[in-house]
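Mind looking over this structure? Questions follow.
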Amino acid sequence: MIESVPLNQVLIVTTLMFFIGVYGFLTRKNLITMLISVELMLNAVNLNFVFFDRYLFPGKLEGHFFSLFIIAIAAAEAAVAIAIFINLYRNIRSINVEDVNEMKN
Amino acid sequence: MNLLILHIAVPSLTALAIMFVSSQRQVRTIAATGMSIQLIQSLVLLYQFLQERMSGNNAEVLFTQSFVWYPSLGINFDIGVDGIAVAMIMLTSIVIFTGVFASWEVNNLYKEFFISLIVLATGVYGFFVSLDLFVMFLFFELAVIPMYLLIGIWGSGPKEYAAMKLTLMLMGGSALLVVGILGVYFTANIETFNIIELSKQAFPIEMQRIFFPLLFIGFGVIGALFPFHTWSPDGHSSAPTAVSMLHAGVLMKLGGYGCLKVAIFLLPEAANEMSWIFLILTSISVLYGALATIVQTDLKYINAYSSVSHCGLVLFGLLMLNKTASNGAVLQMISHGLMTALFFALIGMLYSRTHTRIITQMGGLMKVLPFLSVCYVIGGLASLGLPGLSGFVAEMTIFVGAFQHNDIFHRVATIIAVSSIVVTAVYILRVVGMLLMGPVRSEEYNNFPKAKWFEKVATVSLIIGILVIGLAPLWLSTMIWDSLGPIVDKLVLK
Amino acid sequence: MSLQELLLMRHEWLLIAAVVALLLLELNFSEAKKTNVIPAAAIIFTIVTLIGFLPSENGRAFGGMFITDPIRTLMKNILNLGVLIVFLQSGSWLRTQNNFNRVTEFYLLIISSVIGVSYMISAGHLLMFYLGLELLTIPIAAAASYEQYKSKSAEAGIKLILSSAFSSAILLFGISMLYGTTGTLYFSDIKLAGELLTVLSFVFLFSGLAFKISIVPFHLWTADVYEGSPTSITSYLSVVSKGAAIFVLLIFFASVFGPLQEVWQQVVYGTAIFTMTIGNLFAIRQQNLKRFLAFSSIAQAGFILLGMVGGTPLGMATVIYFILIYVFSNLAAFGVVVAVEQVSGKINITDYNGLYNTNPRLSLTMMLALFSLAGIPPLAGFFGKFFLFTAAAESGFYTLLFIAVLNAVISLYYYLLVVKAMFINKSDAPIGYFQSDYSSRIAMSACVLGILTTGFYSPIFEFIKKLCLESF
Amino acid sequence: MGYQYTIWILILPIVAFVINGLGSGKLPGKISGWIATVAIGISAFLSYKTAFQFFGSGSHEKIIAVKTTWLRFNEGLQIDMGILLDPISIMMLVVITTVSLMVFVYSQGYMKGEKGYDRYFAFLSLFSFSMLGLVVATNLFQTYMFWELVGVSSYLLIGFYYDKPAAVAASKKAFIVTRFADLGFLIGILIISFYTGTFDFDILTRPEAMTLPVTATFLGLSTMTWALLLVFMGGAGKSAMFPLHIWLPDAMEGPTPVSALIHAATMVVAGVYLVARLFPTYSVLAPDALEVVAFIGAFTTLFAAVIACTQFDIKRILAFSTMSQIGYMMLALGVSGYGGEEGLGYTASLFHLFTHAFFKALLFLGAGSIIHAVHTNDIREMGGLRKYQPITHILFLIACLAIAGIPPFAGFFSKDEILAAAFATHPIYYIIGTLVAGLTAFYMFRLYFIVFWGKSTSYTHTPHESPVIMTLPMMILGIGSVVAGLIPFGSYISSDGVPLKGHIDWVVATISVVLALVGILIAFKFYKTESAKPEAISKSFGAFYRSALSKFYFDELYIAITKGVIFRFVSKPLAWFDRNVIDAFMNLIAAITNWVSSQIKEFQSGQLQKYAFIFISGVIIILLSFLYANQ
């Protein structure tokens, strides 16, 4: 089953996923959506780790653990990020990324 | 204790001591005392040096001392002097000594003023006594940076612009030096910055071709090498009196000294090969500076442009790459240092009375300020190369040296340079005629205070220097000659 | 896990102990006395820093995931020193916050971040490195938006957290590639060959770290975040966070990416040029001192890359040495900015006009700091910068060196602009005379002392050089 | 007995200079005048002593009395300071100290009550010192040094009335023109020293050294010829030879005794002395250069004489006459050969130099006496002065007769020798010389008659005879003007040191005397009493007269070159170029930096997503560049 899908195809999928995340990060205007896009990128990485473990280094678990840590940290990151979003919203009544440009040049 | 260390320590301690006093009186007393000690000490150094030489000590450098500093990089605090350095130290001592007196009446932030001034002087002393390229470079930059504050705070006219331009251009020069110094260091690959050690290395010519121009231009910028001289007119005209004195008198000499003791000394083959490029530039700057001076009306601009011409002559002499011309170049450094300091001192003194520096707005000062005017005339005569004053000795040595080259290129360059003496006469006499002679310009002039004692101290000390060199140049010339041996002998084509 | 292994993590334990101690202390202070946390934190962190300097054990723990050796200890100590100075300088600012309950938060966030720094430096495994990196970033993002009623602060927080999330995602992608190609995450086991995938992973990983160091073109968050964050956080970001990332990059270059030297040399070479130049060009125009220092720190990062580009032990030593000096210089500058901002709320360069007449000591400190950053002798910055140049020249990168020295001249220009404002420009309404609190004066004196003496006291550099020769 | 004491001839005046200079404004009364006079008096005494000792010994060998190294250029070249005694230098010592002494004494009367009295004597002493140093120089470079010092003393003295703009301008002009000439001198010295490896006259003029292996040529002439021509350029500048003569008439702005000493008797003949000093070199190595010397001398003598006939300023007339007479000397040197009878020109030239010093100094002092009395320089405002100033009148007449070459006055003998020498070699020069002899007589007597006879002008102050302190020196010079010609000059001074038997060439002498008498006669006719004839005649010359009156427009030409070309078309543009091109270039660098800085500010847009975009683009660009590099 798994063997029928070669690694490079899997990698293509994860890479696509990663860049979709990038694309989302670059284009979505809502800060929350941008955060979700980052999660997408992180998940692509997670998949990478897991697939590498599974395909190339079946005896090792480093990839799996790494994924777990990433998930945990992503959660922490999201928590802090959303807290800051709320703070921002209190200040400027918007969470549109284009409004976050008080400082420039 | 080594006299050379004292030469760095005394000014440093003077600056430090000034920090702890507050009244203007105390500040300038300390400054004057410190610099007098320095002057005496330089005389002692000179005496001891001549004594050593007389007793047959022919070492390349004397009074050496070495303190390990950064052993892993081969940086040592190496000090020692040869005749050239002794002469330059002597010059510095005279100029800073008179500079203190010339700024006797600085009222605004006097404490900071004297500290900056003396820090500048410390940098200059350090530069001349050190034998280690790194230390030399350190002191070089140390001497340059106080200029910014000195001009920016105590200057006049478009001082901020001038200060910035001067600092950036000089630092631009020192930026090239960094590359050059490091290039030399790594090419030699003997893990030392010591000039004497480095000079014993044979550098591959390809490397020399890269680093010689860097070093020469790097030092040349501060020596007013055409076309990198434009900081000088603005800088000098905006700087306060003592700063102009010190800058034109001593700091610009760092350029010539560096060109000789670093660029030419360490990279002789490239110097031989590339001297023609710079000779063209310096010949231009000698005549060009002089011609541009003729039409200036601001006294400081006049002096600044004439400095371009005279300092051009220094580099010109060095680039002739023989002992006589180099000897002349060093003499010219000293001579120009003294007389330009004298000029700037006098300009400052006149300015404090007339409140203008435009010569067309003044006239007849000889009648109302005879002492200062006579000093100005003496300075002028020295500048146009009157025998018996220092300028003559220097210029003639350069010209005779330059004429030792028997090819059309050097001949033409020499003749161009020599013809500057006529132009010099024109602008000097123009200034003297317009400024000092003629009818007294205005009634108020009669109320001008006569020269004060500190003004007399400043001018007379400089004039004594000019006269001593002008009347009895042999000892000085011999002292420099002996030290040029190791440098110039390497230049002889194999 | 033996006690021995735990002792290897002395820095981390100390920091954790500091966190715990602060929490306990805060519990015992009544509402009105919450500000007592400020001196307490200073004292505690001083102790932590000092203990850090005691001789320590070297070795590996957790099967090589955690490494302690003299060079890493030194890095941590340097950064601890920076943090201590930041703490000392931030006291007066914290006292003005309307909610004293949050005072402790500030310390907790920063110390947590420092724990991240320590782990990141000591990491022997990419997971450990990643954890450290995130632990470094996330608390600081929170701290950046510390001033809850300022929209700029929130904006800074958002920009920091989102862009660092983005960059760490990219970095992780790189790590995953690395894992895919080598099958291990231990530094010591990773054996790279110059295949394309490793280059790919290197670039991703590099960009993640470059983001922290603010190397062009990964630097754009820097100015905005520096400007919006509370100034104490800005100084932390510009010194500790940046310094940590540089140290880690050093370690990476020496260990994991050692075989890829040709590749990363080119990358460092190119980005160094851009970093210096762009940083300088932007700094020229800045009016806000914090933005100004942000761009100046970008340019400084460019100079630091000069030391790395050769990949020689000398280069590594000069980088570490420079960071030490940079800590003093930059924090002295930020100390003045903090103090002035605290008293007057003014942050623009023009506001500093005539500062010397009213506050000579502060102005002198600022001048020394800026001159040190510009590399003017006899201040420490001169030595630091010259040695960086030496490192570049050692490997024969003369063109790069040439560009760097020209950039040094440009940087002098804008540093002088500030000096000019303080010393030369006249002002109708200068910032009045004031005296900052003891701790920040101690901090600034320490910085000035560091600026004045580090260069002259050569054993410091010699020590670092020796360590680098042993370690790399 | 040695000659070491000759050092005091130099030391005394410089001591007087130092005392008067430092004490300027503080010395009481007329003490400064006495200090200077006594100093130069002792110098004069020592000079005579030297002369007697030297010529008495019978040997004409060069003697180096004192010599010390002053500056060493390299192993071979060095500047010595020393005293070289040989016939011509001793002759010059005598002339200089004598005329100096007279002028110093005279000045005590002339300058009485002037502001800057001590300054005046300081400068005069400086001049005497420099001039003495110049003539005793042992080498070219020492000559050059004192040459410059002489120039500067001249500058200071011409500009003595420094609040008079005309004096300032004149002093400036004098210095700059001579400085320009000195440029040539210096380059000449450099060339000579390069090829011969020495500055020493002793070696340079030694006959056996005269086969120097100089083969280099430049534009067809040997390098040595060029060098000596350049040296001559220096001499021409100082001696106011055409076309470097323009400074001399203006130099008359100085006090009259100064003109007598510097611009008549001593400094202006330095050029002659220089050529004479190097004469063996010229003669053997560069005969072509001597041709030029002769030509310039001949031209100047005629040129100046013509102008002198038209001028109205008493001192300017004398100045042009000086130029004319120096032209004679140059001419004589130019036509002279080396050794034996051929060297007659050499002897004649120096003889004329010697006699000229007396009568020209006397003329100037007389003019000073007149000006002192009538307070004007314009001869049209003078007339009938013989009644008021009898002594001056007589002495002036003696001097006029001497310069006109009427026997037995001094000028006759020397001029005759010159003409004889010219006659023997270059007839054309002889004709010019004889013509000029007539012209000289004419313009000198024109002056004499207008001033002392002519219409009797009514003076606001009645002119009166000058005090004894002024007339006494004039009388002594008058005696000199009468008897100086009787000295058997040739037996002391000759080109090769072998005594030359002087004799008078009667044919030549008769013709020139007749011409001179004709000149005097015409002057008598025209100017004894007021008449309209001169005006009519000058009208008939038309444009030629007008241009002669305007000194052939040379001043205007020089002004056009200096002010018009150099000032306006070289210096101004250069100064502009420096500010607006070179400096602007440096500023442009700064401006470009700023411009780039403001152009790229959009990158820092504040938009997080743009930042991220640049971030990822950066990553991709780096990657692509590696992909590209690995292809």
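The first chain written gets the first letter, and so on, giving A, B, C and D; residue counts start at 1 in each chain.
As a convention for this text, a residue touches a chain if its C-beta (ideal position, glycine included) is under 8 Å from a C-beta of that chain, and two chains touch if they have at least 3 such contacts.
Please read these numbers as outputs of a predicted model, since none were measured by experiment.
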| query | Smallest number of touch links from chain A to reach chain B? | reply | 2
| field | Minimal step count in the chain contact network, chain B to chain D | value | 1
| task | With centres defined as the mean of C-alpha atoms, identify the chain lying farthest from chain D. | result | A
| Of the chains present, which has its C-alpha mean closest to the combined C-alpha mean? | B
| said: Could you work out how far the Cα centre of chain B sits from that of chain C, in whole Å? | reply: 42
| remark: Here the gap between chain C and chain D, centre to centre from mean Cα coordinates and rounded to Å, is 77
| query | Between chain A and chain C, what is the separation of their C-alpha centroids in Å? | reply | 27
| field | Interchain centroid distance [CA atoms averaged], chain A/chain D, Å | value | 97
| request: Could you tell me which residues belong to chain D and also touch two or more other chains? | output: 601, 604, 606, 608, 612, 616
| Which chain C residues touch at least two other chains? | 158-159, 162, 166, 170, 223-224, 285
| query | Which parts of chain B, given as residue numbers and ranges, touch two or more other chains? | reply | 168
| request: Would you mind giving me the full set of chain pairs in touch? | output: A-C, A-D, B-C, B-D, C-D
| remark: Interface with chain B, chain D side, in the complex: residues 24-25, 69-74, 77, 79, 141, 144-146, 148-149, 152, 155, 159, 162-163, 165, 168-169, 171-172, 175-176, 179-180, 182-183, 186-187, 190-191, 193-194, 562, 566-567, 570-572, 574-575, 578, 582-583, 585-587, 590
| said: With touch defined as at the start, can you tell me which chain C residues reach chain D in the complex? | reply: 158-159, 162-163, 166-167, 170, 196, 199-200, 203-204, 207, 211, 216-218, 220-221, 223-224, 263, 266-267, 270, 278, 281-282, 284-285, 410
| message | So in the complex, the part of chain C that touches chain A is made up of which residues? | response | 126-127, 130-131, 134, 138, 141-142, 145, 148-152, 154-159, 161-162, 165-166, 169-170, 172-173, 175-177, 179-180, 183-185, 223-224, 227-228, 285, 291
| query | Which positions of chain A touch chain D when the two form their complex? | reply | 22, 25-27, 34, 97-98, 100-105
| Contact residues on chain D for chain C in the complex? | 593-594, 596-598, 600-601, 603-604, 606, 608, 610-612, 614-619, 622-623, 626-627, 629-630
